[in-house]
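The structure that follows is given in the form of C-alpha cells.
Should a chain be cited, it is by its letter among A, B, C and D, assigned in written order, with residues numbered from 1 in that chain.
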C-alpha cells in the first residue's frame, strides 16, 4: 500500500473526522505543524470534527487544552467524546435519581449535564441503594482502586442496574515509555467478575460515528463516503470508520509505527482506504 | 418486575420495532393472534418495523412468507434485515469487482443489489483471486461445510480483504426441540482460526437500530424514547434497544421463558423497560 | 441426581482431597462439625489433603489458622496450595536473580523458599531491570493498586520475562454479602492489556491435582479412581477433579446453593460423581 | 537470543520430548536428516518421546507412518498422543455404556480400547439416548459437517453428559499453502453454542506433559529439568513445557519462521530456553 500525502487525500472529502491521540497530539502535547492542517481545512471549506474516547473532561475543557497550546480551530462543538454518548444514554434511559460513578469530579460533569444527581462510589452507602439508578465508569483517576473497585462490584451484586462504560479504551500512554490502565480496562475486569453485560460507548462502536455523522448532517446533506476518518489505530478508528461506511486514513504518527503498518494490516485484516505519514499539511 | 399488557404499553409510543423470531413467529409459523397487533397499530397510527438478523432472504421474500400466512401488514419496506446493512457496507466500501460468499444463491441477492458480481465460495479459484474484493458470510445453507469453510479460511490467508458477517446470530431454532448453527456461529470459528477482525452486522449492534431509526425519521421527527423495541432475547433485542436509547419490552413468547425471565434479568444486568406475556393484542 | 450422605460416599475411597473455602470453612470461620470429618477419616484409615488456590500464606501459616480454630488434623504437609506450584516453577526455571511480585511480604515466602531474591513491585526501578528475572502475582493485598498495577504493566513492556500467577481465582468472599477481587482477577486484566501469555497455577488446572496426587503416591500405590475430590465449585474443583480422573463430590455448603445445583450442573455440563449437603460427618 | 546447535543443547539432557509436526515432519513428509537425530540420541543414551495433539490414529498407526518413511526409531510406545489421555479419562470416568463420537472409524480406536462401545454421531438416535454416556471429538474427518455437527449440538441439549475434546489444535497444515480446521476448532464452536464446559486434552495442557513424564519415570528417576521439550510452536509446545518445569527448544523448521521468532517471543512473553534452526543433527 503506497503512502499518500494527506493534503492530496483530504481534498477529496467534504468532512474529516480526526482521532485525537496519535493524530493531533501525543505525550509531548500538540504535534507540531497540526495547526496548518486546520488552516487548510477551513480555507478549503472542509468540515471537521474530533472523535475521542475520553470521558474524563467535558468538550469545553478539552477545547481549552487545545487553545492553551495555540490551536483555536478546535472549539467545543467540534469535539465528539464518548462521554457525550454516555450522557445521551442517561438522558433517554434514566429519567431521575442518582447515578454512582468511578472517576474524577470533573468527569462527573457528563452525568450532571444529563440532569441527574451524581455520587462518587466512595460516598455510596451499600445499605441504602434506593436512589441509585445506574453506575457509570468515567475515568481511571479520582478514586482509590483497592477500595472503590471492590465497592463497585458489591454495589452491582446488591442491586441490579444499568452499567455504562464511557470509554472503551483499555490503556493510554502517559509518556514516551509508559502506559496506564484506562477506565475501560478496569470496567472489563469488573464485568468479568460480576458476570453482567455492561453498555460501552466509544470507538470502534458504530454509535460514536453515528453521533458525529448526525452533527455533520445538521449543516446539510452529506453522504457517508464523502467523509474521511483519520486515525492511528486499526482496531478502533479504522475498523469503526470502515464499518460505518466512511473512507479511512491510517496515520503513522501514533500507535502504528511505519515499520509495522503493513504487517498489522495483513494480520488483522483491517484495511484503511489510505495510509499517510501524518495528518500534518 | 410486573408483567404489563402489551396494548397498554404500546399506546405510549409513536413507533414500534419488532424482533421477528419469538415475537411474531416461532417454529410452527406465525404466532396466532399477532395479526390483531398490526390491526391495532394501524388503527392507532403507530408506525412499526421488523428488525431481523436474517440475511438468507431479501425483504421481499421475507414479506412473502408473512403474506402466505395471512399477514399483509408486513410489507417489504417495513422489514430491516442485517443483510441490508451488509449491502450498504458493500455499496460504500467496495466500488467494483467480485464478492465471494457463503450462503444460498437467494442470499447473494444482497450483494447483487449492491451492484457487485457474486461468486459462491465453491466456484472461487484460489490461484486467481485478483477480482475478489471481499468475502461475505450470508447463510448457513447452500454449501458443503467440510470443503467450503476450509476454502474460506485459505482464501483469507491468500488475500487480505474485508470480511462481512451479515448475521450476528450463532444459532437458530429449526423446530420445537432442535437448533442449528447460524452463519454467525460459523463466522466466529473462521475468525478465531484466521486471526483477523471481521465486520458484523445485526442486533445488538447499534448500526442495526440506527438504520431502522433513519427509516422512521423519513416520515417526520421522532425522538428515540418515543420508540419501543419489542424482543424475546435480552442479549440482542433488549440490550441493543436500551443502548440506542429506545424503551424496550421483553416478551415471554420465545427465547426467554416465563420461569427464568427474572433470573436472567438479574444475572445479566440487562433490564427491559417492560415485560409482557407476548406482543399479541 | 440424589443427594448422598458424605460418610457413605467417602468410605469407598482410599484418599480424599478437600477444597478449603466453602467446604471446610466459610466467611464465619471453620464450618461447625468439620472436625468430626477428620476424626472419621483418621479412624477409617483414609488419607486426606487440602487443595487451595491460595498463595497469600505458606502451608505453615494456613495450618496455624486451622489449629487456632481447633482443627489439629490439618498439618502443613497436608496442605497443597497453588503457591507451592509457583515455587516449584521458580525452582526449575529461574535459577538465580530477583523476582518482582505483587502481594504481601508474607506471600513472598513462596519465592524466597525457592532460593530467590524478592522485590516488591513498589521497590522495582524501571530504569534498572537487569537483575529482575520474573514477575509473580501472589496476593491482592500489600500494595497500592493505582500505582503498582500500572507499574507491573510498564515492567512487562520494558523487559520480556516469565509471568506467574499463583492463584487462578478472580474473586473471593470477604463476608456474607461482599466479595473482593482476587489476584487472579487483577492478573487477567494485566494480561489483556500487555497482550502476553501468563503462566497460571491453581484449580482447575491439572498440575494442581497432579502435585497432590504425587504426594499421596509417596505413601504407596493408589489409582486415580481411588481418590475423591470434594469441592463447592463446579468450574474449579469438580471439572478439574473429573478431568484428572478422580471421582468428585459437589457439596452444597458454599458457592453452589441447594436450589441451583441441578440447574448449574445442567447448564454447565460439569457433572459431579456425587452431591452431598456438606462434608460434615 | 542466540541460535544454538541442537546437538550441543540436547546432550545436556537425559530425555527429549519432540513435537511431531514442524519438528520431525512437515507437509512433504519426514524432514530430511531427522533420522540422524534419533541415531545420535540412541548412541548417547538419551531417552526420547513424541508428544502429539493427534487423536486421528492410534500410536501403532502413527508409528507405521514413520516406519514407512524410513524411521524405525519411533516405535508405538514412544508416542504420546492426546487421544491416549482421552482414553485414560474414559477408563476412569465412564465405566460402561456407549460413547458417541465425531471422527473416522480409525479414530474411534481410542474409545474402543477403553473397553467402551462406540457410536458414530451419524448413527445416534436423538430419541433414544439412554445408553449414550459421553461425547468425544476425535477427528475432523469421517462425517458430514453440516448434518453431524448440528446433531452433536442437539445431542448435548437433549442429554447432559461429559464432552471430551481429544485434540486442542484449532487448525493444521494440509500442504505448503493450505490449512484445514482441526477437530479442536469445531469443538470450540460447538462449546460456544451449547454454553457448556468441555474437557480438552493436548498440549499446552499440563496433563499431556505429565503423562509423558510418567512414562520416562518408569525407567528410573529423572528430574523435570533433565528433560528437554522440542517444538515449533510457542503457544503449545514451549509454554506447556516451560510451565511443567522442562527446559525448552524452539525450532525454526515449522510454525515459527526465522524472521519472526524474536518478535513472536517478545510479543507473547513465551520464552524458550533455547532456539535452534531445527532438530536435525
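As a convention for this text, a residue touches a chain if its C-beta (ideal position, glycine included) is under 8 Å from a C-beta of that chain, and two chains touch if they have at least 3 such contacts.
Computed from a predicted structure; not experimentally measured.
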- Any chain that touches subunit D and subunit C: none
- Query: How many angstrom between the C-alpha centroids of subunit B and subunit A?
  - Reply: 28
- Roughly how far is subunit A from subunit D, going centre to centre by Cα mean, in whole Å? 44
- Task: Averaging only over C-alpha atoms, locate the centres of subunit B and subunit D and give their separation in whole Å.
- Result: 40
- Multi-chain contacts in subunit B: which residues touch at least two other chains? none
- What kind of graph do the touching chains make: line, ring, star, complete, other? ring
- Task: Could you pull out which subunit B residues touch subunit D in their complex?
- Result: 126, 144-146, 149-150, 153-154, 157-158, 170-171, 177-181, 185-186, 188-189, 192-193
- Partner subunit D, residues of subunit C touching it in the complex: 88-89, 92-93, 156, 160-163, 194-199, 205-207, 210, 224-225, 235, 239, 242-246, 265-271
